[in-house]
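Read through the structures below before going on.
Shared chain: chain A. Partners: chain B in the first complex, chain C in the second.
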Partner chain A sequence: MITKEAAPAAPAPAPAVPEPPRPAKRRRAWDEAPRWQIYLPLGIYLVFTLVPFYWILLFALRPAGSTSLVPWPMTTAHFEKVWTDRGFGTFFQNSVLVGVATLFMTTLVALAGGYALARFDFRIKRGFMLALLCSQFVPGALLLVPLFEIFAELRMINSLGSVIIAETVFQLPLSMILLSNFIKNVPYSLEEAAWVDGCNRFRAFRVVVLPLLRPGLIAVGSFAFVHSWNHFLFALMFLNNQEKQTIPVGLNTLMSADSVDLGALAAGGIIAAVPVVIVFAFIQKWLITGFSAGAVKG
Partner chain B sequence: MKISILGRSTGRGRRGRTSAAVALGAVLALTATACGDDGSGGAGAEGDGKGEIVFWDNNGGVRTDIWKEIIADFEKANPDIDVQYVGIASTEYQSKVDTAIQGGSMPDVGGISASMLAGFAAQGALEPLDERLEGSSLNGKLNKDMIESLRAAGGGDDRLYSVPTSANNGVLYYRTDMFEKAGLEEPTTWDRFFEAAEKLTDKGSNRFGYTIRGGAGSIAQALDAMYGQSGITSFWDSTGRKTTVNDPKNVKALEKYAALFKKVTPAADLNNDFTKMVAQWDSGEIGMLNHNLGSYQDHVKALGVGKFRGIPQPIGPDGKRVQVSNPVDGIGLFKSSKNKDAAWKFIEFAVSAQSNSKFNESAGQVPAHADAAKDAWIAKAEPTKLAADALSDGSTTIVQLPYYLPDWNTISKADNEPNFQKVLLGDMTAKAFLDGLAEQLNEAQAEWDEQMG
Partner chain C sequence: MAQAAAVAKPPAPPRRRRASATPRRLPYLLIAPAALLMLGFIAYPVLSVFWYSLRDYNPTKPWRNGFAGLDNFTRIFTEDPLFRDTLVFSAKWVFVEVGLQLMFGLALALIVNQTFVGRALGRALVFSPWAVSGVLTSAIWVLLYNSQTGITRYLADMGIGEYGVSWLSDTSTVFPAAVVADLWRGVPFFAILILADLQSVSKDLYEAAEVDGAGRLKQFWHITLPHLKDAIILSTLLRAVWEFNNVDLLYTLTGGGPAGSTTTLPLYIANTSVDAHDFGYASALTTVAFVILLFCSMVYLRLSKFGGEK
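Presenting the complex of A and B:
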């Protein structure tokens, strides 16, 4: 039986070495810095960051042909056009399906692979890690034709499954390395304690290790989702049917060879950005915890 | 503490089987979601003229609605044939088709413009259409110049791989309100063009006479301005081996054109592709813009019909109008199609007078079908009418760009667009730029001649 006390115990802390006090002068100087010295650079940075977003909102919300610098009179015509006429409703559903499936598949497989890398020694482990790292330097475009041929053989061209598999495969190496570092940070003795209490390896992992990996899982999962949400190339190449295409491909079709509907393009851009913004708004706390925890090797 | 996998083998066999079962299950589940294209590419059959065909549109998005309308008409007239429409953005079309060719999973029918024709034909992906056209109701009804342009842009075997649908044409758009206010005459000659560009510019008021294309697509526009001013009517000299791009008259013309940058244009024009250029002209105070018929509807939406006009390119000093060719657009039949009979029926329908008229009215381009070119809507779309007149009344000489060269897209884009930016910035002379361009073109032509025997 696993008790609550036994599970998430942190490693015994090293004897605390008292940190030398910072020079009083320096701390005081920083504390007493006028507020404007902080807010002015931040304000300038925000202007550079937010003006392009305002510009997109402006084009999306003002009527076609307007040159007004404020979105008034406001119209939702561009949103209606892209959502219904240009099929963004369908593209959105497809992108959600691809994103969520990639998230679960990447997280699941990376968790299993990461556990193996963290907890087991095997002969080619170093070479395998190196191969994982090297795979990050191979651009997706280079593997496009072989992947296309494989999916054609499997009769998976024009199936969302091909995009989900390709996205998962390309995100696995980094996710696996990240999660293996997280798992290494969980003391092995915790798992051993669980075995002593009667758990098998899987249950010990599920009950003791998994809860401690939450920041890492959120970091890996959210990146898998956001990356597949934004990724253009695989969806463009592997999906032919209009009903199966995703948001980035749909956005691309709003620009023709010699004409562009800027209002529709801006509205499409906002529809594409909203889920990513929401995901980051909800998970930013976990994301920062996740990356800082993963950065420290046990 | 680390443990060895070899030392802990309990349950390994069972785990292995479970993992294999999970992996197999995942693959089968994902495979089960597959449908549509089989990708086998086993191909080349005439078929029975029924069933499904797949059509890839090379300019999807803006043209999607009109194509869907034409397809609906076709399916009504041919209830045994279903057309699956796939709209692909023009910027990605070439790479998508190239990948499909390599992977052996091509559509039945696809949009094939002159600029892409050489590459696809060289890979043996397209079906020659001469015989089919001869036996068709379209025979003799299509614009001969457009057919010749597509024939010349093909694989060098003098065969037709794409049936023309429309021609685009270079247009000089100008703001009538700004010209009237400044008391300027219509920019019908290059002298008037340069005079107006200067007089309309007031940098203090953020008003400019012209917007130049310095980013993607800059070379074709610069060539148009060069040949238009110099009056040289052929891209190659009499031997056919040396290009005329670095002829002293063209060098002088480019110097004059490039000198407009920053003097009468916004400085941001250095990175102008057509999107930025058109958006800038539609939303700011800029006197003139060179683009093609395709952006006419954007200008109408932004400015209304009363504030601007679109006229053919200016006339040169010797009274001649010389323009470089815009790629003719068309529809091709892929060799791998298993249903060529039905695919050809669709091509015939799409290029018929009624469909061709409908398509070009929506696209604002010059129809390939002679009967469609006589329809009433052309008289109402002024730039299209003027372009159609200019192309057919003998007033314009077209300099045919070498779309047939497999390296043309690389030379005219990736290789030389950055150098053109150097010319605009004054970091490279017009002569050095054109000499470099000429050298590459001459080499490409020599290679082409060698391959063709």
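Presenting the complex of A and C:
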């Protein structure tokens, strides 16, 4: 903190002295480290990261009973078994439905709330912000029983709607804070200029602000999708019907069987990983910019 | 914080024509969906947990249900050794996990923040476990730790260790085994957040430091670390709360065993409510856990002087 505040003060006398031209040999950038200091630790860490991925791929692709360390001869038998016999086809559909619905609900509701927090002063704003922060300390896992009772009352047990609502609710607070920070970074004057040009507030928001929020929307939306895709306790509690279960619940069922079918478990794991890995590859670059713009600096 | 809020809003310039909705009501309309959802599905359940904590409430033994006063709480603090054991394990788990994740995450972020050939691919690969769920992490590490076909078999082939070792079912190895599995997934979280914050360090500071003859270690200590301070405090806190509350991984990887040696307090609570149907007692445990969490967070934020001097 001190450094940051001191920084603008320090260069104050500087402008009087014109900066001397840099000597050419200063080419070596300040942040340049010896190559081995980068590649060696990175390589070691990559082994730690990638071996588990390779392991599951190996078990999914090699025939049952094989102990070979390369997936050859290759087989798709595990995938076929898991997809049809163990119901992962159905689970996959359910998970996609939950993930996409959570994504849209979270983004829409958080966008509206985030806009209000960024652009207006209203009476309950401070209290509302405090509630958002406090909700971070509320463990969803510990609210399972009352949540179950609420959904039972609403006759939503065994309906994907219960899981969608629960996932959305627990995604909302952080998403809203994140998006409101993004909206704050868009100058209000841009919107006001659009009003002068005859846009109403909604149209001004849609035309001027929304396109600038792309990194934030991608960060929030992909978070919501990945979290709901991965999360498991709500689906485990609220969906008893096999037809309605999601992929993580299916994986858990495979794992808690008396004799675990390792090939099927591995294939199920790959199926669980594919969508999030695709999402991740797509958003990875946005994630860094998204966070540095929105999350960390209040 | 308070002054900042007061200063931040300059008096709004007089507007020509009010936009369609009356701005007085608009903010309330905008937060209404979020507020209603959170009231219904967070605030109400929290209140009902507080309410149940004062009652005997067990759907399988309805004849005993009724108001219990503080009985549940006395039972927690005087008659329940499991409460203390699981709380101690939770603290150990959170402390070790968050500490190691921060250390490795910081190092990783500093490395992939450098410019080098293959950086984009390197980043994508080391960050990728972030997207993997707790259950899938368990599945992967169950395969790795399997006593027959897991990694120990191949290590034994090479002459390291013995055949048939199962790290997850031995009380002396289960803790490090679970820690490593959770690290695999948790380190990228810190790395991503810290890398994001590293983007905003002014390069001028480093150049100035270089001119002053400060080495790379000094630059890290006096420029990078102070800059990252708030991000580190916030992310460790969020992560600690998350690690405390999250039960996915331990529930599926060890199930809290062997012999209850990896049961965290939330896992114990889940078992108490889901398996034993003792909702009243589970609610009292939840209340205690919530208070402990809130208290520790306050102390942490105060001690770490979050946000600089007031």
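Everything below uses one rule, namely that the second predicted complex is superposed on the first by the 255 of 298 C-alpha atoms of A that agree within 3 Å, B and C clash if a C-alpha of one lies under 4 Å from a C-alpha of the other, contacts with A are read in each partner's own complex, and residues count from 1 in each chain.
One rule holds in what follows: a contact is a pair of C-beta atoms (placed from the backbone, for glycine too) under 8 Å apart; a residue touches a chain by one contact, two chains touch by 3 or more.
This is a predicted model, so every value here is computed, not measured.
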item: Fit or clash - chain C, chain B, common chain A; value: clash
item: Which of chain B and chain C A:231 touches, first, second, both or neither; value: second
item: Which of chain B and chain C A:240 touches, first, second, both or neither; value: first
item: Which superposed partner A:268 touches (first chain B, second chain C, both, neither); value: second
item: First (chain B), second (chain C), both or neither touched by A:33; value: second
item: First (chain B), second (chain C), both or neither touched by A:67; value: both
item: Chain B versus chain C as contact partner of A:255, first or second or both or neither; value: both
item: Partner chain(s) touched by A:145 [first = chain B, second = chain C, both, neither]; value: both
item: Of chain B and chain C, the chain that contacts the larger number of chain A residues; value: C
item: Touching partner for A:155 - first (chain B), second (chain C), both, neither; value: first
item: Contacts of A:121 with chain B and chain C, given as first, second, both or neither; value: both
item: When the two complexes are fitted on chain A, the stretch of chain B hitting chain C, from 241-249, 277-285 or 439-447; value: 277-285
item: Common ground on chain A, meaning residues reached by chain C in one complex and by chain B in the other; value: 67, 116, 119-122, 144-145, 149, 165, 200, 237, 252, 254-256, 260, 262
item: Chain A-touching residues of chain C, taken from the complex the two chains share; value: 5, 9, 13, 15-17, 19-21, 23, 26-28, 30-31, 33-35, 37-38, 40-46, 48-49, 52, 104, 107-108, 111-116, 122-136, 138-144, 146, 149, 151, 153-154, 184, 192-193, 195-197, 199-200, 202-203, 205-207, 209-210, 216, 219, 222-223, 226-227, 229-231, 234, 238, 241, 244-248, 251-252, 266, 269-270, 273-274, 279, 282-283, 286, 289-290, 293-294, 297, 307-309
item: Chain B to chain A touching residues, read off their complex; value: 1-6, 11, 26, 29-31, 33-41, 54, 56, 59-65, 84-92, 96, 99-100, 102-105, 107, 168, 274-275, 278-279, 283, 291-295, 297-298, 301-304
item: Chain A - residues contacting chain C, complex; value: 1-5, 7, 29-33, 35, 38-39, 41-42, 45-46, 48-53, 55-56, 59, 67, 69, 109-110, 112-113, 115-117, 119-122, 125-126, 128, 131, 134-147, 149-150, 165-166, 168-170, 172-173, 176, 192, 195-196, 200-202, 204, 226, 229-233, 237, 248, 251-252, 254-256, 260, 262, 265-266, 268-269, 272-273, 276-277, 279-281, 284, 287-292, 295-297
item: Residues of chain A defined as touching chain B within the complex; value: 64-65, 67, 85-86, 105, 116, 119-122, 144-145, 148-149, 151-162, 164-165, 188-189, 200, 236-237, 240-242, 249, 252-262
